[in-house]
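In what follows, chain A forms one complex with chain B and a second complex with chain C.
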Partner chain A sequence: MTDNTENTENAVGTKSTEPVERHSYDVVVIGAGGAGLRAAIEARHAGKRVAVISKSLFGKAHTVMAEGGAAAAMGNVNPKDNWQVHFRDTMRGGKFLNHFRMAELHAKEAPDRIWELETWGALFDRTKEGKISQRNFGGHEYPRLAHVGDRTGLELIRTLQQRVVALQQEDKASTGDYEANLRVFAETTIVRLLKDASGRIAGAVGYYRETGQFVVFEAPAVIMATGGIGRSYTVTSNSWEYTGDGHALALLAGAALVNMEFVQFHPTGMVWPPSVKGILVTESVRGDGGVLRNSEGKRFMFDYVPDVFRKQYAETEEEADRWYDDQENNRRPPELLPRDEVARSINSEVKAGRGTPNGGVFLDVSTRLPAEEIRRRLPSMYHQFKELADVDITAQPMEVGPTCHYVMGGIEVDPDTQGTVVPGLYAAGECSGGMHGSNRLGGNSLSDLLVFGRRAGLHAAEYIDGLGTAGKPAVAAADVDAALEEALAPLANADGENPYTLHHELQVTMNTLVGIIRKPEEVSEALTKLEEFKPRRTKVGAAGGRRFNPGWHVALDLRNMLIVSECVAKAALEREESRGGHTRDDHPAMSSKWRQINLICSLNEDGSGIDLKHQPIPTIRPDLLGLFEVSELQKYFTDEELTVLGDSAEPVAEAKPAGEAKPAAEPEVKSEPATESKAEAKSEPEAKPEAKTEPAPIPGQSNGEKAADTAADKVAEKSTEKSATAEAEEQTAQAEAEAQTEDAETAAEEK
Partner chain B sequence: MGYKGKFKVWRGDASGGDLKDFEVEINEGEVVLDIIHRLQATQAPDMACRWNCKAGKCGSCSAEINGKPRLMCMTRMSTFEQDETVTVTPLRTFPVIKDLVTDVGFNYAKAREVKSFTPPKDLLPGEYRMQQIDVERSQEFRKCIECYLCQNTCHAVRDHEENKDNFSGPRYLMRVAELDMHPLDTADRKNSAQEEHGLGFCNITKCCTEVCPEHIRITDNALIPMKERVVDRKYDPLVWLGNKIRRRTSSDA
Partner chain C sequence: MSTATVQEHVETSASGKAGIEMMTITVRIRRYNPEVDAAPHWVDYQVTADPTARILDSLHKIKWEQDGSLTFRRSCAHGVCGSDAMRINGKNRLACKALVKDLNPTKPITVEPIQGLPVLKDLVVDMEPFFQAYRDVKPFLIAHGNEPTRERIQSQKDRDRFDDTTKCILCAACTTSCPVFWADGQYFGPAAIVNAHRFIFDSRDDGANERLEILNDREGVWRCRTTFNCTEACPRGIQITQAIAEVKRALITRRVI
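Right after this comes the complex of A and B.
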């Protein structure tokens, strides 16, 4: 704790003696991953002066970790693919909790965003005709992911990085200064957003990690693109940057977070050795033929196909294996179910005692593809296992288990503009919410950040144009002083609690008590602990000076991690159903009533905690609903919701008075602009009490004999009587059924 | 299975510093970065190091371990004897900021000097057609995670500060080669490779290839072929004659 005498010259500065660097921009983008860079590029294209704030070096953002690919219905491999199919897959994957308009825009615009990357130098893998090749992935009906081996995220970040450089070169040519209109502030952390007296965004304040000096950005528009929250968990595939900064900063500035209970546990993270536990093993392993086996050598995923997906997935190993060569006449292998299903299944196998010695299951590609082919298609995985675990994946199976990977919940935005309720504040990528519903499909993240990064940049630029002569919002000096004071507190308290210790306790708490399977008593316990952590957080200390001091940085990040953890836990306790990335031990079924509800987190009156409220989910446009078979919708929707479909839905609608159905929806659908609708929603009486009514358990369809009813189900499913909805819920429960008896799982393996 | 290991870590800043001794717990399967993190959490909370992904994909945690340029996240403790002292120092070629963190701005400056991808003007998005075999050469170079170990190792700048102005280093010479080999790039990069980026400084000792954590064959597949392309241009008698007669500039051809 004490060997830092050489840093004494960096002694704590005080706000009175310290000049604070100031910069003025049109748009400040916080985050330099895919969404942030794409937003910055678009705002710069629109003629704005843009600053990009990057917590680490330029080009190191977490986007580089994305392996599998970017989903876009280009139809290069299977011409039957189109945006409607992609939209359907996305909604199914998210269990229909997605903001339909975002899913629609995403599916429609993704191909253009990918093609555009090629004009900036991206080199995707090719088809025989020389087009961009597309690979299979979980939940995607057709081969859809544009990819470069298993390092697609790196290609994406490098391409965007190089596009930024290209724009800087243009500016250099015209102005003599590379950074005239687009500047990257590397290794800079934002601690607070700033607003003017009327509540509009006015800028942000942060510090340079390298020197510890503060910097104020004055800007009428700020785009949050900070990624996820995984560092609040012990076992995670996320980097140190993922401390929920964007979520927390936006919340503190008055924005709302939507559906924070939905956290994606990627089914396949490394489980051994302990120090690499959680590092991602790409889904492409399964997309390219890899299979999951338990310790008995059984391909167990066939036992876990929930009813809502049964139509699309193979029932026998033979059919599944044929699918790789003939997708027209066979159904997909169940290893390619959406991630939430696979993660829960692995969890159940391990809990049932059929796991590997290190507490995972086997993922085997060695018996499925020739060694040469594995090295070509999965080079990073080959190296990762070879170098970190001494495992040769061309000869041995991998050991894998679930790892905290992605948060579906995030800053509530308008689906078209990415704007929040705070004028001038935008959000895109993982830190924004709505697009992925309760569960994100693999490959939809890279396309999400391109589509909505661009939209955020575009609309932030338009917002600035619209400010007109009213002028730029002004930063209040007192707000800057308050932010500085807050940030300097840990340094002034060098003997305070070790921030690393508190961080570790937080991670263990979230991992063990708010993990894959949630029990209300455990989540409550987590909330109690979080309350205890809050005062401790204000007393942590950072020894040493301000120059590149990781202890200080952790101390500051803790505030954000505690805020997002509280949001996740509160929402997890509230939502009494199981759906996607939220599995409740005591409510294992999916509920059509709960599908109608978004859970909204906002800062409470005195800023000491989180308020949670129910908000009705936007009504899906009938033309989009029409893309699905009624029999499928019945598994997710209440009968009255489906009356808008008219005749085709009659059998289910009959019992309900038509008047109860939601108004058939505004045809042009700018859909729920968050800015306006939210204000109304607040004053609206909430749907809450009704939502709590759990559908009565349906007899029959008991858990346990899944294997037996596999065949029967397919037939049963075709007959779409009223019980379909309930049956669906019951079925979904099956996968979790085994998990229930056990505990908050993976976390326990915390070393 | 854990044991107490001995570490020496360089601590200091631009004004100076030295190696500090640490005794620290080491467990099975750990890598050097795990140990640095343990030191931060238990003994030296302000010890500076960069890291992001901890999986060899972002290229942030570059350092010199027992004198060898390595990624800390990919250097397993099992490669050392238990009684061996592991010494971790910052990259030598770049100015120290603090402890294991160096100022790598040199690399970003050089990156900006490479002319960007220049596609054919008449090709619209979605119309790009390239064969896999043709993109593979450049794809190998695009595996680069920008850890700068090659830049740090190359003796042309490691021991010669004065060359930094005129030499872009293996990473950015490889970037020039990557663009030159891109099937659809239209810019001429031969002259600039030699004249602006200092390809001639490279004397093919392959040190860059040796330290590359991505196992990119920088020298064999990027630098030597690029040298050949430059030579073809510079010393081809017909091109020479053409230049004499028509005073061609670097932008045509």
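Right after this comes the complex of A and C.
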């Protein structure tokens, strides 16, 4: 089979005089990180011709930056581990807002995906028996992360890249053409998805970054695997590709985004020098003994332990220090509190004027471990600080502060097939939503992209098989014309505004107004600014021609960043509770009524902005709910919701009076999900046995919250210290719920 | 741990960092736009730079504030993805790991594309020949026999044997610092050999002989003149020259250990 390219010929019948290259494939995968490559490999295994579109060079995707490992309950280190335990940990980490079916599939299939990766040649650290070693990680009950040193993501992407090369060499042997069935289009950016008259996916249009020439891909199935949105924030650990392309392209094509308000801020990013601000400092630093201090030299985290956590966290430095050697008889250091707690604490210290000269706090490992030990345990951090900041972490403390790290929200997909509401459109990895709920556990990202990348590839192939021979969707020439016109505008506007200026203003807006702590008036201000940015965006200009013109590329990326930012801000303003990666200053507690609600963003009718609506969260299957203690579920669910558990799992008696003991400071819930849902819930993607949702949500009293509060009070009695901040007190209910999650995210990196 | 030490650290850190002054530096960039330029040429840019910042930051500043068409590759911006290898002051480095103060900022800092690959625009080169050499050494596990249902067993010692060469980020800093590669673009180059080494010495792999034969080619390992340029250029600290020597030895002894 040869490539059916029709070079430089306007072969799609467009009116534009632009030469447009044209390719035809079965599946087009947009994104060449872990999820995209895994999807492409699966579709190719299923006999499909596949194109992979990569914004950067092949093998440079953001996945390479993941350090910690991939979570999979293989039980190599602790045989007690299994998928049920992993499922529980994942749901707790996401505060039960996860799509249960995705969490279930993820937990069940992750081990197979890791073993498969190993047989493809991936390097892993090993146990004494020579099996894949697994490391402890925050929020994971047992050692669970398959890893290779602190470069697991690099090895993962390299292995998938190697697999692609191997398949291409197989194809060369059988067809004479390396790229007969699997071709990577490096440094190529997609600007629009294309649909046929009936609304099915028909392809995508984009441009080669090198030449600036346009290219149309005709394909009945498109898989989005474009990663995250961090470049809309000033301080981020994300690489330049993370402009929310997949989120925006899918939305523009009619798909929905779910729960975009949940953005994970990692507590420890570099803050100095300014040029490297945001680059991640692995949580292993704290796991291996690193402590946080303010400018007065005080180990301040002891002042921020919410009452409910006191039973698990040390009260003195002495006890905390003993924990590293004897975890049975001592409690954890407060530096290992859940990530949102630590990020908020750092925020408070800096705001109180006890920050470092550069606006962070000190993270010190130099006085904690011998220099040699630091270099051995934290080689990449040692080099990162030495080379980038000229800081010797064996002799000096680091300066750190929160950094935008991961978006839990994303394209709404069917949990089994990864299909969206747009026939033929699939999504996997960070750009899809649901799997991680309101907060992702470290280690669950690499496993996520393997599990759901494979599923997306598999089901895209099945979808194509179902189309038969006659049913291939056709690209409409007018749509291509419109896409070209939109994309060419900045070039024709050489005197327009500098796109970098607008990008910078957008970043500052999101960072300062829709950051870690959200205040409704600030989020509203951000939305006003975003409206002002929209017309400015259409007037930016990019001088310098077509070839590798980065100003032009940014001008085009801006559309996507603005769309995604509007989704984040709108959803953040709507959700009046604090949960996982969404903290509302005016609603500091978690609400079990809001737990029943997914916030869904879609394009409004005239395409000028975002519509937001409530949709009931799918009801968790009773057998999966049964994996938890009822007393734990009561912290998240209403009693009515828990009645589905039946006799076997009736709410425990002692929790009832607790629920009445004290009125909960519960935020009001704006709407009854039940009524919203019927009218507005988007029809879920088809072909989904599990599309289940519409569980007729029960609007009820939220006793779970109250129970949590009281439980918290009990714990507080034991405590000899008072909570240092009012904020901590307010968060009691939430914190108690989190207590189960333990150190939800304590250890190392997580992507 | 003593409090006094910590305070000392705090003070050192505070005074040391707060005292940093911005400086004006000249970045001399090899520009080339094939749409308008007949040949590459040098252009000087004055930028204000923090001496502890990286040359990548200066390039960004120039692009954002002076010339939006300045083109270079970058991605992760801290030395993991391997996108921004450039020749800076005559030496191959990653722009995201080269600090201004280490580059004698009192004189113009020269930045040019890595050598030996065709320049597409400004600092961007055509990486295809580099990746072709990589693909030619069969950079994937070749294993005969039945696939295991779970993982293959490999001892930590066996896994450590080839640890060094798995660190490669395919940035091409080594290959494009090699005088043999400059003179002969057909030479596989150090990066491809490193990636062959990664599988040749992997205890799970059965393809060592295939790869050794490929590297026994006239454009293979025997072209290496052991100048150590590659080892010096590697931003990951891989002992590349040693890896090449191990492949040579394996070819002579036909033993992989």
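Assume the second predicted complex is superposed on the first by the 546 of 751 C-alpha atoms of A that agree within 3 Å, B and C clash if a C-alpha of one lies under 4 Å from a C-alpha of the other, contacts with A are read in each partner's own complex, and residues count from 1 in each chain.
In this text, a residue touches a chain if its C-beta (ideal position, glycine included) is under 8 Å from a C-beta of that chain, and two chains touch if they have at least 3 such contacts.
Note that the coordinates shown come from a computational prediction; the quantities given were computed from them, not determined experimentally.
With chain A as the common reference, the superposed partners chain B and chain C clash. In the overlay built on the shared chain, the residue A:397 is in contact with chain C alone; chain B does not reach it. In the overlay built on the shared chain, the residue A:356 is in contact with chain C alone; chain B does not reach it. In the superposition on chain A, A:364 makes contact with chain C only, not with chain B. When the two structures are aligned on the shared chain, A:535 is found in touch with neither chain B nor chain C. Of the two partner chains, chain C is the only one touched by A:297; chain B is not. Comparing which residues of chain A touch chain B with which touch chain C, the overlap comprises 56-62, 64-65, 115, 118-121, 123, 125-126, 129-131, 133, 148-149, 151, 154-155, 158, 162, 165-166, 168-169, 210, 239-241, 272-276, 279, 383-384, 387-389, 498-500, 504, 542-545, 547-551. Residues of chain B that touch chain A in their complex: 11-13, 15-17, 20, 27-31, 34, 40-60, 74, 76, 97-99, 101, 104, 108, 111-112, 115-117, 119, 123, 125-126, 128-132, 135, 138-139, 142-146, 179, 182, 215. Interface of chain C with chain A (complex): residues 1-3, 5-7, 9-10, 12-14, 17-18, 20, 33-36, 50, 52-54, 56-57, 63-65, 67-71, 73-83, 96-97, 99, 101, 120-122, 124, 127, 131, 135, 138-141, 143, 147-156, 158-159, 162-163, 166-167, 169-170, 199, 202, 204-205. For chain A in complex with chain C, the touching residues are 56-62, 64-65, 74, 114-115, 118-121, 123-126, 128-133, 148-149, 151, 154-155, 158, 162-163, 165-166, 168-169, 210, 239-241, 272-276, 279, 293, 295, 297, 321, 356-358, 362, 364, 366-368, 383-384, 387-391, 395-397, 399, 498-500, 504, 542-551.
Here chain A touches chain B in the complex through residues 1, 3-4, 6-7, 56-62, 64-65, 111-112, 115-116, 118-121, 123, 125-126, 129-131, 133, 148-149, 151, 154-155, 158, 162, 165-166, 168-169, 172, 178, 186, 210, 239-241, 272-276, 279-280, 379-380, 383-384, 387-389, 498-501, 504, 542-545, 547-552, 751, going by the rule given at the top.
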